[in-house]
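You will see two complexes here that share chain A, one where it goes with chain B and one where it goes with chain C.
Up next is the complex of A and B:
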């Protein structure tokens, strides 16, 4: 199996303050991986670094063997929070923008997903509920034919129906060999979909484990394992 | 379907398919839904479905036909055997927990037949 994300000795500081220290991480292609950690642990920063949005780091980050930023941007689809768009802009225009900017954006895939997620393109960005906005963000991110998808906290503060639909879309529209990294600080609802979890704690990758191994070896639920690791009561590695 | 997060998911998927086969929801020789479809229906990872199915292929409960998909075995004896195995598993659980309560074998038999009679009466 080939690796889709390889990070070696990554250090990243912002305003002289260390955000991530000595991060080493390898993720095989085709997997769905949960990136877990408290708010402010550095999950978003790590995604921004993998996506090539955040710069000025030390160490090595390669995505499907590409380490140049422009090449990474072409194969990584990062769920953007749409904060750069005018809030009065209609969804329709945002979709057109995506089509223009990303050569791998599939209108066909988008239309299927928009139908399934019931996205109304006549609405303005400001009119969307939190759940609908998150559906749009995920729909746009998954519509690219990318090798790696980085989905940043798609489940935060949204209703359970929207959550289920987003999880469903991830299963349905993930290309076979593509890798998905999805961050969350709460894991129960997506646990059954994840191949692995990566826990960010103390500014680094604190643990990386296969979910089936956690169940099989320790007889524990994923949430339970995660909480124990976070509190430092789980000693087995 | 709701999974127990403490038990490997591939194992629970296998159990689910066993039950489908035993109850006849999946008949001998019937095509099993595509991997992606099963993943969507059960809200699990495609890789986990694949692992469950490949074990079922090894056990010869299902047969993988190249380019056509996966099919339930046509071997009726295999299905009977599976049913027997699941019944024994359930009985073992019941038996073990009753024996822990110091219930004798004869008492277990008596209570089981009493219980069955009561079920029959209640259904009338």
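Up next is the complex of A and C:
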């Protein structure tokens, strides 16, 4: 099986503080991987480094064997927060922007997803509730035919129905060979769809386990294992 | 990878929208001023052109600031920095889209001015001829329409190049400050950022002063001091400096400047 993400000896500092230290991580293609860690652990930073928008790091980051920034951006779809758009902008204009600048953006896929997630393109960005905005972010990110999807905390502060819809979207529209890295600090919401988890703790990859292994070897649920790791009562590799 | 044309189109569309909003306000202001003059009973034949050109200055100034703000947001925003293109491509497309939007504004302003000037065309040309008489290659003979037009085109080019130079300088200040911020202790206080900006602005102005003058001297020696060709050479000198600034800006974007909107 080929690797979609390979990180070697990654160190990243900002404002004179280490954010990530000596990170080594390999993620195989086709998996849905949970990137877990408490707030401020460095999950978003790691995703931004993979996506190519965080700079000044030491080490190697390659995505499907690509290490050049522009090439990585072409194969990585990152769920960005749409803050670059005017809040009075209509959704249809944002979708048009995506169509224009991402050659792999699929209008068909987007239309299917917009229907499923009940996204109204006539609405302005400012009119969207938090849940609806998150649905739009996920819809736009998954509408690209990318090889790697980075979904950064897609369930933050949204209701259970929206969460279910987003999780169903991830399962339904994930291309077979694509890898999805989804970050969260609430494990229970995504545990059911994960093939593997990566726990960020103490500024590094503290543990990387397949969910199957956690259930069989440790006899625990993902959430239980994650909590024990964070409490320091679970040994890792 | 995103094509340069597609990216430029996408970036231009938003900037043209900003310009269109300004143009609506511009037209309303011109019409209201003319109506007020009519109401006062003192509207002369030259007034519509004077009003149009006066408001043009304001519109250009406001457009320059709004577009500059838009340019800088693009450099530090995930929505744009995630686009699969090189930093050189993004920088160039951003600057080109800003340039196109200002050309669009310029064309609309010329159309507005032509409409206003059509009411009193002969007097306008005579006035322009007198204005450029002292900058002719052969002083005293600046009466031909081609020379007037040549000088006018030179001024328009100088204005456009000055705008590009100013945008590149603003980007240089912004990107240098952003890059430096990552190396300094975390502080979100306004005073801290203000001091940092003041220091960076002072340093960049000092360096630019050292660069602009020698480059200008190279070009200025080429023609007669009184010639209006000086306008073209000034434009060329500014363009060279803007190119140097842009090279530094792309380097900063590629290696040090992160997005800040997450």
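One rule holds for everything that comes next: the second predicted complex is superposed on the first by the 235 of 237 C-alpha atoms of A that agree within 3 Å, B and C clash if a C-alpha of one lies under 4 Å from a C-alpha of the other, contacts with A are read in each partner's own complex, and residues count from 1 in each chain.
The definition used in the following text is that a residue touches a chain if its C-beta (ideal position, glycine included) is under 8 Å from a C-beta of that chain, and two chains touch if they have at least 3 such contacts.
Quantities reported herein were computed from a predicted structural model and do not represent experimental measurements.
Room for both chain B and chain C is found when the two structures are superposed via chain A, with no clash between them. When both complexes are overlaid on chain A, the residue A:6 reaches neither chain B nor chain C. When both complexes are overlaid on chain A, the residue A:31 reaches chain B alone and has no touch with chain C. In the superposition on chain A, A:81 makes contact with chain C only, not with chain B.
In the superposed model, A:16 lies in contact with chain C only, and not with chain B. In the superposition on chain A, A:227 contacts neither chain B nor chain C.
By the touch criterion defined above, A:172 lies against chain B but remains apart from chain C after alignment on the C-alpha atoms of chain A. Within the superposed three-chain model, A:66 lies out of touch with both chain B and chain C [touch as defined at top]. Once both structures are overlaid on their shared chain A, chain B and chain C have a minimum Cα-Cα separation of 28 Å.
Residues of chain A that touch chain C in their complex: 14-17, 44, 48, 51-56, 69-71, 73-74, 78, 80-86, 97, 100-103.
Listed in rising order, the residues of chain A touching chain B in the complex are 30-32, 164, 167-168, 171-172, 174, 176, 188, 191-195, 211-212, 215-216, 219-224. Residues of chain C touching chain A in their complex: 1-3, 6-7, 9-10, 14, 73-74, 77-87, 89, 181-186, 254-259, 261-262. Across the interface of their complex, chain A is touched by residues 3, 5-10, 36, 39-40, 42-48, 51 of chain B.
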